[in-house]
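The following block contains the structure, expressed as structure tokens.
Chain nomenclature is as follows: A, B, C and D, assigned in order of appearance, with residue numbering initiated at 1 for each chain independently.
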Amino acid sequence: MGQIAGAWVAALLTLFIFSFLYKDNPFYKFAEHLFVGVSAGYWFAYYYHNVVIPNLYNPLRQGHFLYIIPGVLGIMMLMRLVPKVGWISRWALAFIIGMGSGYFLITYLQTNALAQVEATMSLRLNSVNNVLLVIGVLTGLIYFFFSKEHKGVLGGAAKLGIWFLMIAFGASFGYTVMARFSLLIGRMHFLIFQWLPTIPFFRGLAR
Amino acid sequence: MKRQAPLIITFLAGFAMILGYFIPHEPFGSLQQILNTWYMVVAAFAMILGVGNLVKLHSAKIRRRSPGFGYSYVLLAGLAAMALFGITRGIEPGTVFYWMWWNMHVPMSSTMFSLLAFFVASASYRAFRARNVEAALLLIAGILVMIGRVPLGDMIWSRFPDVADWIMNVPNAAGQRAILIGIALGVVSTSLRLLLGIERTYLTGD
Amino acid sequence: MRLFLITLSVFCVCAVVSADAQPRSPQIFDLVEPFPSVFPPEQVSARDLPNDAGGSVTVSWRISRSDPEVDAYEILRGQELEGDFSVIGSVEPGTCEFIDTGVSDGVSYFYAVRAVKGEVKSESTPSAEVSSSAQWFNRNRTSMLIALAVFSLLVMWFIYRAKKGVELFIRKISGLEAVDDAIGRATEMGRSVLYIPGIMDMDDIQTIASVVILGRVAKKAAEYDVHLHVPVSKSLVMTTAQEIVKESFSAAGRPDAYNPDNIHYLTDDQFGYAAGVDGIMVRERPATVFLLGAFYAESLILAETGHSVGSIQIAGTAMPAQLPFFVAACDYTLIGEELFAASAYLSKEPLLLGSLKGQDWGKAIFMFLIGAGVILETLGIINLSRFLVTR
Amino acid sequence: MGFADRIREIDRRIIFLVVALAIIIPLLIPIGFPIQVSPSVRDLYNALESLPPGSKILMSFDYGASTYPEIYPMSLALLRHCFRRGVKPIIMGLWPEGIPFAERALQVTVEEEGKVYGEDYANLGFKAGGIVVMQALGRSFEEAFPVDAYGTPLSDIPVMQSVRNYDNVAMVIDFSAGDPGIPAWIMIAQGRFGKPVGGGCTAVSAPQFFPYLQAGQLVGLMGGMKGAAEYETLIRTRDLGSAGMDAQSIAHAVIVLFIVIGNATFFLGRWSSRRNKGTS
């Protein structure tokens, strides 16, 4: 019974969301507000069980007092609610922004820059493809030059660069189209073969 | 002090992350991991601010009887049910939280995601037009890759998959690499501006 | 570079020498026991895992000659050559390596491996003495250190020059040129400006960049007296955005017009957020939509809905997978690096512009490296790329 | 407004309707386009096929609700294959939402193949921490998962008794939708502990794993619903993946058709407006 009720709730909410494609309407508004509420509640409970308990409560109970620091930072964050000492929340924010900057500085430099440069410079110019690849990377980079006006030779190269970027955009667009349909097929599959058969008339559809 | 302290904290936190990358010896080796755990805890605390804000706005809507305030009840009910059941009764299979997650959150999430299929169709109908050279290149690359990736394309001309692969592996790879390298430099320079306190708008104010 | 080569060759030589120095297990087993039912594994060697935080030893061996019949290999460890060895792990046949993570740094160990077949166990001669240690610098990452130093110095140098008042030219970026008009359009139409800072949290550099841009946009919105609406997906982003917008409104001389409720939290959930923002778009019909920051699959859902209500859309992200969708559906798109240049561009602050110049020099160096690397590689002179390898 | 203009400014809801029909009709009336098995999927199948019955494999469910239409069919196909070959899967998840999907897939396949919990498979449940968990598994499964998903100590589960760490499983299969996912498994399980790693991912992320396949760091890979359909072809059990493939082909053709119509009307419109300018 719980399963059939569940299937009905799921199916109706699915249809409510699809109704947005026609136009905004009370059904979509209902689903939208429910979705925002339920998902905010979901992540709230998720953080509680999977972050606060294992990463703060348990370590503190076991006597790992280093974990007082994040606790204090967290409370600093909440100080925003008290106007007079609200400024202290910036300390916690400063920590997060600093940490994020340091982390991304390293990871992007390694995985985006060095790894890609390395992959490109180990090419031998012995095939049309490799020549094209190198030209594409170089002109693409020229497009991103900010401190030089794009005219003359530089302008031509930048133009060629944007062409490469456009081909890249078209190709990845075309590539992902397929994946996008799987999701829709999944939803339709649910509606047709799992939900409809709960109505006696459509029982024959069950798979 | 009020102004300087955040800048110093930003710098120290960033520097610690960088040290942790180069020095395997403890305590530096696990710095990245430790600081990341701290961040998660702060984010969890901040969640109280976010959810508090959501509750505040929607209860104000209900109080003021602003248009559509009925939906605010729906939102608050969903929020309260998920959060309270989740925290007091657990989130394992068999709980109310789990039932709501599986029958409400999951279907709405995947339906919202699946809307993409429709939007991909309408966007490509509108945007894939050979208005100029750039748009034409986008269009041609897009179509060739699309055709090359389904059995239908293979049936039309057996070399379509090869053409699609070539586009993916040569011009696409070149363009992507240029984008990635550019992004890396943008990130490096933005991070440095933040760590050195040159970009400090996020900390200004009294 | 020369120093690099020398260090590298010293390493290679060391590696070769030390490999040779491993004790070979004597091949006299066959003589002692003419028909052993199972041959033992051979050439057991143990070494400290380099460039790590210590606490681990890699044991390797050559598989037993009767490997196909063996059930498993057991790895034994002892602290004295003549003392007791105890089993610390077992692996499937055909395996020739085991990483022992149960060691203490600075303590000497010996390892042996034995082949097990039913009740029969045949043990190798022990390895040479080994002890694990932690390193103070990860040598695999030398190239990263150099790159980091070079780019930091470049960026700082140009910031320093800007401080001294050297004028800098910055080319036009059309997506950013359009910002003023887009906000002005909202004034004319009497509609709002919607700003979406992506779905990631404040620890993501794209979000940070976006929130900084939000500050510049908010200042203009305050000047034009436009309603600015910022629904966000993460609580920390909400608090930061509130701070920044408040500050911008004060800077524009309109602190009275700031309303913190216009910057509000929806949900942490990716598609819950997309559903909420779609709802806001169709009901509010903003004149202008900014989609700047880190986006995933929701990018096109937002951009198509924004287009359908007739908004001018300025998008920007460093997520390569989402760029095509923004290019297809939005009026202007900031591609990757342009997103990070936006705050400097919009503020026109010399110090920030200086850092852009530093970025350009970074690109020039990479282009030079690619050019030089490809040419040297093609001519077969040297493979430069291996100096860039990082792990 | 001429015919071409009307087509060009077509109400996008008509496009939506056509797309919906392009999906629904083939689902109801399957066409059965032949499914060609790509090498990376065949490699994965062969790797599993070559395991002796009774071997154990670690299967990690690292995906969530939004990607389940793509990845869930793969897990069904792979579990079926394991059970038929007598290979014993040890299930775990690094994404909290992964385990409910694993349980669903197990429910279906266990019933079909008549398998017993604890004897033929085990479910260790979810554990937060990503790479940290993978490293802990290298030391001991019990350290990472003291109890299984249902609170039973691992030592009380028959299938887990001979499993200490990676050394006692034949391979690692990851159903991956992001991070932590395949790259991390390759880094730890393959890179540090030398275990073969295979898996499935969304179609969008598949290309980024091709280098791993070429380098042999991945034994095989299923990409998107198509990957699932191919695996279903190999184990001769048509299910969710195959059902979607016809719809996918038709939908693709519809999109291409839209683009062609869009361009045709665009050029027609330009041509007619130029001609009008000429006459007036």
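Keep this in mind: contacts are C-beta pairs under 8 Å (C-beta built on N, C-alpha and C of every residue); 3 or more make two chains touch, one makes a residue touch a chain.
Remember, predicted model here, so these are calculated numbers, not experimental data.
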Using the touch rule stated at the top, which two chains are linked by the largest number of C-beta contacts? A-B
So which chain is the furthest away from subunit A, centre to centre on CA atoms? D
So what's the Cα centroid distance for subunit A and subunit C, whole Å? 15
So how far apart, in whole Å, are subunit C and subunit D when each is placed at the average of its C-alpha atoms? 25
From the mean C-alpha coordinate of subunit A to that of subunit D, what's the distance rounded to whole Å? 18
Mark out which residues of subunit D touch at least two other chains, giving numbers and ranges. 12, 16, 19-20, 23, 66, 68-69, 96, 204, 207, 248, 251-252, 255
Note: subunit C residues in touch with at least two other chains are 144, 148, 151, 203, 205, 208, 236, 239-240, 243, 265-272, 275, 297, 320-321, 323, 325, 327-328, 335-338, 341, 356, 359, 363, 366
Where in subunit B do residues touch two or more other chains at once? 18, 21, 39, 42-43, 46-51, 54, 91, 101-102, 105-106, 108-110, 112-118, 120, 122, 124, 126, 128, 138-139, 142-143, 146, 149-150, 168, 176, 179-183, 185, 187-188, 190-192, 194, 202, 205
In the complex of these two chains, what residues of subunit A are touching subunit C? 17, 20, 23-24, 28-29, 31-32, 35-40, 42-43, 77, 80, 89-90, 93, 96-97, 99-101, 103-106, 108-110, 113-115, 117-126, 134, 137-138, 141-142, 144-150, 165-166, 168-170, 172-173, 176
Per the contact definition, I'd like the list of subunit B residues that touch subunit D in the complex. 33, 91, 93, 98, 101-102, 105-106, 109-110, 113-114, 117-118, 120-122, 124-126, 128-131, 139, 142-143, 146-147, 149-152, 154, 168
Can you name the residues of subunit D that touch subunit A in the complex? 13, 16, 19-20, 23-24, 27-28, 66-70, 96, 128, 202-204, 207, 224-226, 240, 243-244, 247-248, 251-252, 255
For the subunit C and subunit A complex, residues of the former touching the latter: 143-144, 147-148, 151, 168-171, 173, 202-205, 208, 236, 239-240, 243, 265-269, 271-273, 275-276, 278-279, 282-283, 320-321, 323-325, 327-328, 335-338, 341, 356-357, 359-360, 363, 366-367, 369-375, 377-378, 383-385, 388-390
For a test of understanding, state which residues of subunit C touch subunit B in their complex under the given definition. 51-54, 134-138, 141, 144-145, 148, 151-152, 155-156, 159, 201, 203, 205, 208-209, 211-212, 215, 234-236, 238-240, 243-244, 246-247, 261, 264-272, 274-275, 297-298, 300-301, 303-305, 307, 318, 320, 323, 325, 327-329, 335-341, 343, 351-352, 355-356, 358-359, 362-363, 366
